[in-house]
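Notes follow once the structure below has been shown.
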């Protein structure tokens, strides 16, 4: 808060002094607001669309706000009927409810007087709509299609994988930064080597390995292959190299075990780097798609991304559910972002990793 | 105080998350069915039957894994190759997976029932030379064929064509309707090699040489692919439909059809339940007989079968139950499909005149299916041919190669794949 | 507000601390005797072990298996059922009458994937550098709400490729909002996803949209490292803004731009998910990238023969390309480091 008022003050005073805006200033603000529109616009449009009826989603040209047709109860009819604005033969306008459409004419009834019936050509009627939010798009998948379970699976994968990644990567980084030992260079080269081989290159053989472990259709088959990230080892090692050695020597004097030095001294000091890795690991795992797509085929082990693709890949897309579940999928990430945005942007800039 | 409060909450949260985590490990199961359904219309009745079975048979626990169609096409074969996979799956690539099917003859109550009820289809599942194994049964029979948006025809004042009309005549009619009413897409086809094959046979395609070995490109196939190619160039068909995917990927024009932006749609009988559900009262949709070519007026037969990958008594019992006249009849009646059972009276649960008419039309189309189409459907490697047609035709339509090049590539693809599969 | 925040923070720290401490104490019970037996000098091996086991299992062994796949044929996954085929798959991949015309190649889908990927990477990386530089320069100015704008541009980086693909497909569809806006303004509908040229353009745009924020941060870090007194000196000399940019900013930014260049090209070559969801690789094969070729050949074959061998061979080729790119990165990185030391 404080800093932004300072910025404002700076700008005001500076501009007063300079008195003139350079053309780049105008351009900058134009660019930035265009950026806001481009980056957030799609998400907002997605959010608005996700609470429309399926018919509303398919409509072209689309309406900005979620609308749905008004239904009315008419005496003598079991189901509620849809309400239309109708232009009668004499040119007058009235509101009628549709009983049934036959071919290109529509049998309609006056909602206030169930005895008055009309036959109207269908191009003379127009749907009457009102603002209505379809929360069902969110609730149905959660109820009917087990999205809660997929959500749980995604959380399980993300949490466990991140924990494993952090622990084994920090252990390796600790060994590679604090100690001098035979084969250190070899180990380092080994780690660099793995940097060259992304999972996409060795899909088939990793699948083969996983199959031999019997981990197909198991969340562990998703978690384990990506757990040892070379980027993670590198990032943590670079950070640990900067830690003061005296602390470690002092601890050794006190007969602390090497393991205790690692988790009581080095880990707490490396929190900033570990946090950046944690955020990235969460992001990678939560968003992981290709690998789970191959490993998981039993619906009970689907992660959110796979379930989302399943909805999309059905014989026809159930767009209302797809859009709503897309929102659900990006919600946790958006929350993390909102809470940690400052930390993420500065943290990544300072460590320069991906 | 607050500190303790937070501590208490955190302990509670850890306990909850630990139980959540342990809940993810699953109980052992007896019979797993990998199932794709055309939405709730098929999934709900199936789940109902499975629940009833589980209740009546406490010693068997059947689990229905509802997966997308993509998983049946792509993930299932890989998992089977890795020695994993379900006990039973609902499969459409009937011949392609036959090396994984299990013979359940000793485990079913009455093998003769399968022979009598599903006789002609059983050989679609069998390996070459095998004449006796029972691997499963047809859950629904399908026939490919076109639908028209009858309401649009009425609005435009164009008459529907009768049986015996040719593809060219239908294309003209669809174009006439579209231009009169300003409808963006006169004609839309499923993007699928199987769908294209019915018309191809009508145009005279034979698919096999004299020895019965695959020989894809001939004059008939050329005529049909040329026709589709031309329609994409002159706007009868929209490039936006087939262009939205690549390779062998399936794409159905339902979104456009439901929005009444398509006059004529080439698909098949499995759409009936879906249309009854989704189109509802928006317009009248009408199934019409398969249009004619010089050689025939045929659609492709097809269907999906529940096939066993494990042979044991539990699987046999599940198969017996699901294939019984009572259960299968109830299922077919609810999903509005054509039975793949030779002697099954079905009481269709609909009062939609469109659906009733469509069911009659497609059931009536079964006897008119050409023998070539049946042989093609029964062939083990038909998918390889279907895939070659659709991926190469797709490329030709967007201009990546000429149609002549596409024909050459189609034959090469089939040859290459068969070589990889059988060696040599 | 601040109070609540710190409480939430403490709350999360407590959550993590309790099980973490418990776990670490438990491990210590095992580690202590190990240390006694093998001695402190050998402890680093113990620390390295878990990571190396994972690397071994999921990188090194699979690499060997990959080679084995690529030289055997058939549609079986288990080696007992596969036949040795030597270099057949590699020969097939490189069997072209003319490399410039994919139609003449035996594996024309592979070469289409290669050319599409090259085209995609050139434009994606070029535009990525341009836009991340532009954005970073603007974000580095004294503007109101800098922190806010900075996170705005970073936001899409956090989205999953599937979500990115879905959102943009939803916008760019023939009957999508963008076409509605164009039509409302009197234009004609575009086939953003189903016309070969447009589909590639859309893919490049979406991919830049999704990843630009990350590279912007790297450039921004470089901008902030430029000593301000250089600018002050330039201002004192009356140098124009444009001249300052080209004479001071750009040259000093080169190392960062190089990092962006290398990282973006390595990532670009591996692009798959978002384009697969967005266009499915179509129309025809006009947005099928090389990873999609590997995926469909080995896995998503829709009933055709699953050619694990060919997929493995193609991924070996891709692996070699990536190796070259990474070696360039290491080489340039080393150059950069030595230069820094000189300064």
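Letters A, B and C name the chains as they come in the text, with residue numbers starting at 1 for each one.
As a working rule, contacts are C-beta pairs under 8 Å (C-beta built on N, C-alpha and C of every residue); 3 or more make two chains touch, one makes a residue touch a chain.
Quick caveat: nothing in here was measured; it's all calculated off a predicted structure.
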Contact-richer chain pair [B-C vs A-B]: B-C
Central subunit by CA centre of mass proxy: A
Centroid-based (C-alpha) most distant chain relative to chain C: B
Whole-Å gap between the CA centroids of chain A and chain C: 17
Distance between chain centroids, defined by C-alpha means - chain B, chain C (Å): 37
Between chain A and chain B, centroid-to-centroid distance (C-alpha), Å: 32
Sites on chain B at which at least two other chains make contact: 70, 78, 82-83, 250, 259
Overlap residues in chain A, where contacts from two or more other chains coincide: 58, 60, 207-208, 211, 294, 309, 319
Residue list for chain C, restricted to those that touch at least two other chains: 77, 175, 299
Touching residues on chain C, where the partner in the complex is chain A: 24, 27-28, 31-32, 35, 40-45, 47-48, 50-52, 54-55, 57-59, 61-66, 68-69, 77, 134-135, 138, 141-147, 149-156, 158-163, 166-168, 170-171, 175-177, 180, 183-184, 209, 214, 217-218, 220-221, 224, 241, 259, 263, 267, 270, 272-273, 277, 291, 294-295, 298-299, 308, 311-312, 315-316, 318-319, 322-323, 326, 330
Complex contacts: residues of chain B adjacent to chain A: 17, 20-21, 23-24, 26, 32, 34, 38-40, 65-71, 75-76, 78-79, 82-84, 150-151, 154-155, 250, 252, 254-255, 258-259, 274, 281-282, 284
In the complex with chain C, residue positions of chain B that touch it: 2-3, 6-7, 9-11, 13-14, 70, 73-74, 77-78, 81-83, 93, 96, 239-250, 259, 383-384, 386-387, 394-395, 397-401, 405, 409, 412, 416-418, 420-421, 423
Residues of chain C that touch chain B when the two form their complex: 7, 10-11, 14-15, 18-19, 73-78, 83, 103, 106, 108-109, 112, 174-175, 191, 193-196, 199, 279-288, 296, 299-307, 309-310
Chain C-touching residues of chain A, taken from the complex the two chains share: 3-4, 7-8, 10-11, 14, 22, 24-25, 28-29, 31-32, 35-36, 38-40, 42-43, 45-46, 49, 58, 60-62, 167-169, 171-172, 174-176, 178-179, 181, 184, 187, 190-198, 200-209, 211, 224-228, 230, 233, 252, 257-260, 262-263, 283, 286-290, 294, 305, 308-309, 312, 319, 322-323, 326, 329-330, 333-334, 336-337, 341-342, 344-345, 348-350, 352, 354
